[in-house]
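Same chain, two partners: chain A is paired with chain B first, then with chain C.
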Partner chain A sequence: MGNRCAVIGVGQTHYTTKRRDVSIAGLVREAALRALEDAGLTFKDIDAVVIGKAPDLFEGVMMPESYLADALGAAGKPMMRVHTAGSVGGSTALVGASLIQGGVHERVLVVAFEKQSESNATWALSTHLPFSASLVVGAGGYFAPHIREYMRRSGAPGHIGTLVAVKDRLNALKNPYAHLRIPGIDQKMVESTPMLWEPIRYLETCPSSDGACAMVLSSEAAVTGTPAWVHGTAMRSEPIFRASRDTVSPQAGKDCAADVYRQAGIADPRRQIDVAEVYVPFSWYEPMWLENLGFAAEGEGWKLTESGATALDGDIPWNASGGVLSSNPIGASGLIRFAEAALQVRGMAGEHQVDGARTALGHAYGGGAQFFAMWIVGRERP
Partner chain B sequence: MPSDPLVAQHVLEFPGGYTRTTGPVIGRFLTELRARRIVGVRTAEGRVLVPPLEYDPETGEPVTGEYTEVGPAGTVKTWAWVEQPLDSHPLDRPFAWALIELDGADTALLHAVAADNAKAMAAGMRVWPVWSDRPTGHITDISHFAPEVTKIVSNVRAEYRLQAGGALRTFLEGVERGVLLAGRCERCAKVYVPYRLNCPECGQSLGDTFEVPDTGTITTFAINNLPDPRAPEVPFVSAYILLDTTDIPMIALIGDVPAHEVRQGMRVKAVWVPESERTASMANIRWFAPTGEPDVELS
Partner chain C sequence: MRDVAIVAFAQTRHTDHDTGLTEPELIAPVINEIKERTGLRRFGFTCSGSCDYLAGAPFSFVSALDALAAWPPISESHVEMDGAWALYEAWVRLQHGDIDSALVYGFGKSSLGDLRTIMTLQLDPYYLAPLGLDQLSYAALQANAVGADRAELDEIVRRSRADGRGNPYALDLPEPDGEDFAVQPLKKTDVPPITDGAAAIVLATGDLATRLCATPAYIRGIAHRTEPHYLGLRDLSGSASAADAARAAGVGKAPVEVAELHAQFPHEEIILRRALELGGGTLINPSGGPLAANPVMATGLIRIGEAARHIHDGRARRTVAHAASGPCLQQNLVTVLEA
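After this line comes the complex of A and B, so read on.
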């Protein structure tokens, strides 16, 4: 795994539908400056900047990393862009971490953002190129059939999705940065919302958010403040069009989890991980990823959700922050998972802190569930 | 309606218009306006009057001779919406009359605010003057006020010429003839449709094309309630269809069956458009429709 790497600063913007008051540069600076403040540092202390976001078509700014370089204090420093669709926030953190682990830099600023209000993600994901046979309308249209297939295979009762939709929004009420804050949210409210892409209801989907998240990553020698230590990092991908590909529980996700657990010495994720921030943009992806990530046996993930184990007061809280279901600045959503995992083991998660969290999982996936990025962070030095 | 002989139009207009002597204070204000500056005058008590007066309206005392530049931006204190502007109004589209306190002034100026609609107006909003092209020393040298610029529209348009080449061309030429062409991986023997050059699993090239049936089984599907240009009526069903003898499902529209009667495992067959309408395009297949055969048991 290379040299030790730690998260020493986390900065987030308040996620919301439209940040009309800031430019894209202003948005990323807000997160970056908060992360630097958390670490007690300034741009001068940073050796390199890694930025991630979802496809350029979302804002219509071609190669925004070039335009944002000086906004992020990267003048005269290495600056690079990471691009792995929805998992990009996670991959951005991992590319930044690899620069520390490889001994190239002492401190790296990683930033990810999306300003969804500048256009419309469903439009950007459904451009209908000529000759294409695809009939997919946005991310929901893509994932709905795979959720249906999960329900068939596992025999999960239909209300499991609504449990997650409620649980994550209740958690969001404890997170001041969360976008969707719905007082009084309950199963009945979720069930009363229309099916968009059946079996996905409106309140079982993530919102469209504007926002940015940033972290300062550091080598062991350059640590300031309270570190979250990186215990394992892994990325995997797989072809989206592949015969006998399991789109419900992709092999790349299983392989990625196995790799990151091996590095962190985790044999039983359910017992050894205290809190997980997992990319769940549609409520049913919680039980699906519980299985894919080995927290439950195949076909059993929904039982864990139903039992309340993944609630904030359960034995393995998932998405204590409210998760992607509550805040979704797409390109940043993965980085937020990684940052929230770090906040938990630093004991700095505020009202949604899981007591005594020592080991946390950050997870992101993207594309047609074909890109995966994960890390394990811990309170103790690895 | 017949005209009433005892009704007539009459215009009362002093030829050339009345003249107004501005006096030193209003004159200074209008002279500054002509130079695209807005000034107020300070009262003995230190307040800044905009537009300026020769006297403090509260005390009747003369104002000081001190002029001070204000604005150009200001804050709307209150406003009234004009849905149907008159010919004499400063704007020919709906607008608001507003009392605007310019930055540095202690009184408000009455002027027009251009806004998209009444909902865009609010007390406390910030507005800026939009100057007329040819200032003459008149209050209309400020054409109107407008909200602050908070967003711009960026029209991005990229036009491409896309050429379907290689495997896709081969496949679509098959579709034009009414057949679906597939290929088999020379290593793992998986059958791919649409035909492609390489196996995404092994990287091995696929052998020669061959026809596969236009019948298959729905593996899974979504009922879409958001319309799409290619499926404008909702709900529509987009399904993964595993064509018989192939190993990878294709996504296609399901038709000729109510959305909620579609099932996983349902047998379907392509519905082709009439031969006379066929092109080298997937639009040749209108949708897949149930065959009526028993459902297939999915593993």
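After this line comes the complex of A and C, so read on.
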């Protein structure tokens, strides 16, 4: 995995439905400046910029890195644009880390964003090429059948999804950047909301958010402030139309986890990882990913959720920040997971800090649950 | 830096119209060809470049993955940029030292829409795009700023088309004859052809490179730079970012025998020759360049492949490839290849 790499700055915007007060450039710059401030640096200290976002159709700007070069201080520097579907935020962090690990640069600014209020993501995701008819509307329409299959296989009771929906929103109340901060959130409230895509209710799905997240990544020699050290990075992809692939627990997710655990020396993720920020856009994806990522045996993930183990005060907190269920600027959602993992091991997560967190997992997935990006960060230098 | 070589290059026979192939169908033969040629079925890393706006649907690269037979799952990433930047990402990944091969590809079907209008959407959505400034209009602004001799521009188009006719993968375009303007001072024949196509490259390091290719094209330097987006903030008669990237890649360290430039318009070739400080001894775009085939999102990657081919064939020992992105050569990537 090459040279050592550390996260030395994290910046986020307050996630919300509509940021009418800033342009797209203003939004990404806000996150970038906060990350630079956290690192005690300015744009002058940055060697290269890597930017990621989900499909360009979401804002109607084609290859927006051209337009955003000025706002991110990239003029005169190398700039790259990553796009790997929903996993893009994670991939953006990994491409940035790769530049450090490969010895190409000393400090890299990575930024990811989505300004969902510029369009309607559900319909932008429902455009299909000619002659490929599809009855699916939005991401929920695509993933609901996979969730139903998970319930059938595991025999999980119907209320598990609502437990996750409540738990993540309770965590969000402790995160000042979170979009959905719902006082008095409880199971009854979730169950009272309309069914969108059986079994996903309104409050079991992620919001549409405007927001950006940025990180300053550094080589060992260029570290400032409090570093979160990168202990492992991995990406995996599998074809969407492969007939025999398991969409409930994709092989690419298992392989990606195995790769990143091997690099970080993790044999038992449940015991060795202190906190995980995992891409859970629909409540049921918590138990599904608990199994896919090896935190629970097959068919047992829902029991871990039900036991409270993944709550902020449980033995393996998942999405202490409130997760994607509470904030979802799509292209940035993966990067937020990676950044929150870094904040935890830096001890800088504020009210949602997991006490004594030393090792954290950041996870993102995308496409038809076929693209995966993960990293392990730690308080200690690897 | 670790030595990384281009060991194989494959491209489609580009077309000036939609042949009815889907993107995976366009890519699959190129991927299969390069797998057969190298004998590699699996690669340490895979990276591609494409743009959703060409197909007008999100995630054009998602179904492209089906063309790879990516099973078991592969370590893979994608840039929403020309495939040349995918190659850069793969080169960086190979610097880590734990893998020794990478597959890179780029593809685009610009026949599906009105490219001239679509490219407008690449501009600042608040201050520039609403003006309706389209691809040819801003290119014309730059052509005007360069103020090149018409005869020199005509000769570039004539030479590019003639070379393209000699290149089985490029389009068969006639000798330029009309005097009609597309947007003054750009003539219709100065405009690159609408093209569908794809290309793939295999990178390898160490012993694997020499095992797969008798004459690997080693990447001796590779660098890219961007510059301000707003046309008014730049001196359009030159390209500071191309010059910076060329210096960082070490173009000037030794004579360059062949340069493949991502010059979509003849005046861009003049700007780039100056920026890269290429002398009269350098053969420019012997493939015909983008004026003879311009499969958007693969055009830059093809420049790297064509520059490598001269070394693979033993016709040259030091070549340069250039790729561009953004309006009026906003971002430039330069690669120096040596035998």
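To be clear about the criterion, the second predicted complex is superposed on the first by the 380 of 382 C-alpha atoms of A that agree within 3 Å, B and C clash if a C-alpha of one lies under 4 Å from a C-alpha of the other, contacts with A are read in each partner's own complex, and residues count from 1 in each chain.
Simple rule for what comes next: contacts are C-beta pairs under 8 Å (C-beta built on N, C-alpha and C of every residue); 3 or more make two chains touch, one makes a residue touch a chain.
None of the values given here were measured: they were computed from a predicted structure.
In the superposition on chain A, no contact is made by A:265 with either chain B or chain C. Touch criterion not met for A:157: it reaches neither chain B nor chain C.
When the two complexes are overlaid on their common chain A, residue A:241 makes contact with chain B and with chain C alike.
In the superposition on chain A, contact is made by A:196 with chain B only, not with chain C. By the touch criterion stated above, A:79 is placed in contact with chain C alone, chain B being left untouched.
Measured by the number of chain A residues touched, the leading partner among chain B and chain C is C. Using the contact criterion defined above for the overlaid structures, shared-chain residue A:60 touches chain B and also reaches chain C.
Once the two complexes are overlaid on the shared chain, A:20 sits against chain B while remaining clear of chain C. In the superposition on chain A, contact of A:145 is made with chain B only, not with chain C. Put simply, chain A uses residues 60, 128-129, 239, 241-242, 245 to touch chain B in one complex and chain C in the other.
If you check the complex, the residues on chain B that touch chain A are 150-151, 154, 156, 162, 164, 168, 172, 188, 190-192, 194, 200-201, 219-226, 228-231, 235, 238-240, 247-248, 250-253, 264, 281-282, 298.
Taken in their complex, chain A has these residues touching chain C: 1-2, 23-25, 54-57, 59-63, 65-70, 74-85, 91, 94-95, 98-99, 101-104, 124-125, 127-129, 234-242, 245, 250-252, 255-256, 259, 367-368, 370-371.
Per the touch definition, chain A reaches chain B in the complex via residues 20-21, 60, 122, 126, 128-138, 140-141, 144-146, 148-149, 152, 194-198, 200, 239, 241-245. Those residues of chain C lying in contact with chain A across their complex are 1, 22, 46, 51-53, 55-59, 61-63, 65-66, 68-81, 85, 88-89, 92-98, 118-119, 121-126, 128-129, 223-230, 233, 240-241, 244, 325-327, 330-331.
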